[in-house]
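Down below is the structure, laid out as structure tokens.
Chain nomenclature is as follows: A, B, C and D, assigned in order of appearance, with residue numbering initiated at 1 for each chain independently.
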């Protein structure tokens, strides 16, 4: 009991005694975790935006004029999982569009004996990767005469999306490494600064665990607190920042789900605690073992 | 616990022979002066007993256990049975005088009220009561030394090693300290005192082990301080 | 002379004595500077890509059929600075395009007594912000009957581009702050770890400058070296990374100018040196002044 | 440089009166023993002269200059004229014995070959030649003390302050050290030695200033060590 209360007090002393130093470390940790969450949110938003663009992907299928061909196609395709919605464009509608395009010379179209334009079905997809599947499906239907879709754009978006997934892992890995390094470094230098004390404590019968524990606690507290504060500032400012971005770029589809940011926050604190604990332990245990080694 | 040093040679790199074939047995409850000129190996001998130093050859047995065989945690528990007054005090500079004393008691899990009581008592006995909230660097040399002695004795260790415990003290205080060490010894603690202080050795006569160049040159019950102990 | 050589040796000792510690600090610094240059390059590439898209911006101006109206407009507009190139689309060409669009029903167009489509001029711009200027200019010409341009897209690109400029400042500022903090922190803790030595040196007559200098040098060296190594790894890997990206996303217009990366490298090292110097000086000077204060 | 301590009172927070109205004049070339029981203010008095401590009241003049008026760089240059053997040695732990000595000479910009020569000479004189590549923590207590003395004297200071310079030494070595201090004094250096060592004070008789509770209770030319100097 007394032992445990000593450990707590000593960890507390480690934090408070060199308040400037602890503060600096904390600020660094906050900055690192802040950068980290910013990168994560950036990646998440980019994915969200790309997904938004993908949602507007449309395949136009021209069908033959026989009876209800358009309805049949729309029905069949509409049942696919990856399809968001379908819309039928009748020949009349198509002609209307052409007429609008020809402007004041559109009268020429009245000379057509029959509407030569085919009916078509516009299919909205849920994501870019579905394009080729749906396209193949459409082509296999006898009702479909031709299909037109932004094949290039679809492919591009798919590639970018996949790349961002990879990139996000990279950013996370680097940020995590830097965060861990900063904590490890701080604790290591802190241990080094108190090397004499550690040696003395070990000499007067303190167990290695007892000596190491305050440092481990110190590292974990600073790291977790850093993550907490970084998360808090992100959480509190996210809505406002996204609001401002949305106001100037309403055409981009930002992520506005607070729950996701909240999850990120929790994840951050958990990660901070774990990283702090592991790093401090690594930093201090080797040193203690070394100090126990006899001459 | 009996201390048995058997055929110990200690060589520091590259070629400094600090101890050359030492054989000493100190039974539980003995009071021993360790004398000898500077650099003769007194501190090294004590550090063998705390396992700060392991012998290059030979072995050190305390209470029948070869110290070399102890694991890290074992050593911590073993050291709690030994009180040491280090030649350079080794006080914890981030703790006040009061905290330096409570720390060693907390480390072995003593109850809080007992700690408080014993700490206040010993601070008073050592004349440090008014200095209890000062940090070591704010204490005079003699005050630091008394604090180091207080720390070493507060846990009633089985073995007390005191390396030059009166080097910074005036005669009166040195005498008072010696009386404290003797009373601790009377309660069954083995006491080993390394010293250059002729007055003390001659005043309170005990077993004297004299080192010279890392060898034991004299080992005498109720010995005196001889002039060549220090030349 | 002896003094200076001592200072150099001491700085060297600071680096080598706790080689693990110096190494850790260095790695942290490298990581920070690496993240920093990655952000900068990311921003630069994004701007480059946006600029590439802007380059493909086209305004179509429909002109009246009188004589050489198209040539006149093309001539006038072609002289503007912000215009990249102009191309005249004759009515025949326009009809051809329409015919292609109507497919096997295109015969209907042979019934037109006269080509009803107007000639037009396609104008390629250098950047999105020029769109409205050119548009206004075109509308003021009597030859021009109507203009069509991707107004929304142009506006969006302009906003995104401006936002990225702002964002790049933000990223740079945060990265710089974190870098400075890490260096400051390291030196501060290093100073703290050697507080006893510093006190002793000052007690035996070393001047404050003499005591501080090795630390300042140490901090500058680590920081500059960190920047150098980060710059080197960026410089050496940039071509390969961009090559890989280009291979998978050939439609994006990546920056491939090595000179820019080289400039960035130099900037980084200079920045690292400056930051290191200032931070170490701040870290050590306050401490030295404090150590000189009498009791 | 004459040392003049005028009406100095030093109070440490909260209420520790380490010095109470001290008036001492030490002319250039004097040799002074500072005696007194532990905690009587000897070290504090010396720290007035190095300007580690400034008086709460009164002033300290060295060579006519009020130390309180010196700027930061002035103090550094002033301290180069003072050699100090600190009670706790204060050796630079990251430097070897050899480097601890060269450092102070480099700091004042002495030429390289002279540094080497003088360092080797004094290492030999202090019996530390074979230990020159060891770090302070690898030296015995007496060896550290001799290294501290070597460092304080190597720059031929105008004033030499030695706080308990023989506390960890055997009699023979202590005598040798005293002879060195006397020979330095003979060359015109003011020497102030704080000590509890009766033997030394009586053997080499010089001016004795005795402190007690922060007051000067005796100031005697060719004085002896009196029993109440240490009680």
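Keep this in mind: contacts are C-beta pairs under 8 Å (C-beta built on N, C-alpha and C of every residue); 3 or more make two chains touch, one makes a residue touch a chain.
None of the values given here were measured: they were computed from a predicted structure.
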From chain B, the most remote chain by mean C-alpha position: C
Distance from the mean Cα position of chain D to that of chain A, given in whole angstrom: 67
Inter-chain centre distance, chain B versus chain D - centres from mean C-alpha coordinates, in Å: 28
For chain A paired with chain B, centre-to-centre distance based on mean C-alpha positions, whole Å: 62
Distance from chain C to chain A - Cα centre to Cα centre, in angstrom: 22
Chain C: positions in contact with at least two other chains: none
Interface hub residues of chain B, defined as touching at least two other chains: 12
Topology of the chain contact graph, where touching chains are joined (line, ring, star, complete, other): ring
Complete list of chain pairs which touch one another: A-B, A-C, B-D, C-D
Of all residues in chain C, those that touch chain D in their complex: 1-3, 5-6, 13, 17, 194, 196-197, 200-210, 289, 292, 294-295
Partner chain A, residues of chain B touching it in the complex: 12, 47, 50-54, 72-73, 75-80, 82, 84, 86, 90-94, 103-104, 106-112, 115, 151
Contacting residues of chain D [partner chain B, same complex]: 12, 16, 36-39, 43, 87-88, 130-131, 138, 140-143, 146, 163-164, 167-173, 196, 198, 227, 230-231
Chain A residues touching chain C - in the complex, by the definition given at the top: 18, 20-21, 24-25, 27-28, 31-32, 34-35, 38, 102, 105, 108-109, 111-112, 116-117, 152, 156, 159-160, 163, 174-175, 177-178, 181-182, 184-186, 188-190, 192-193, 245, 248-249, 251
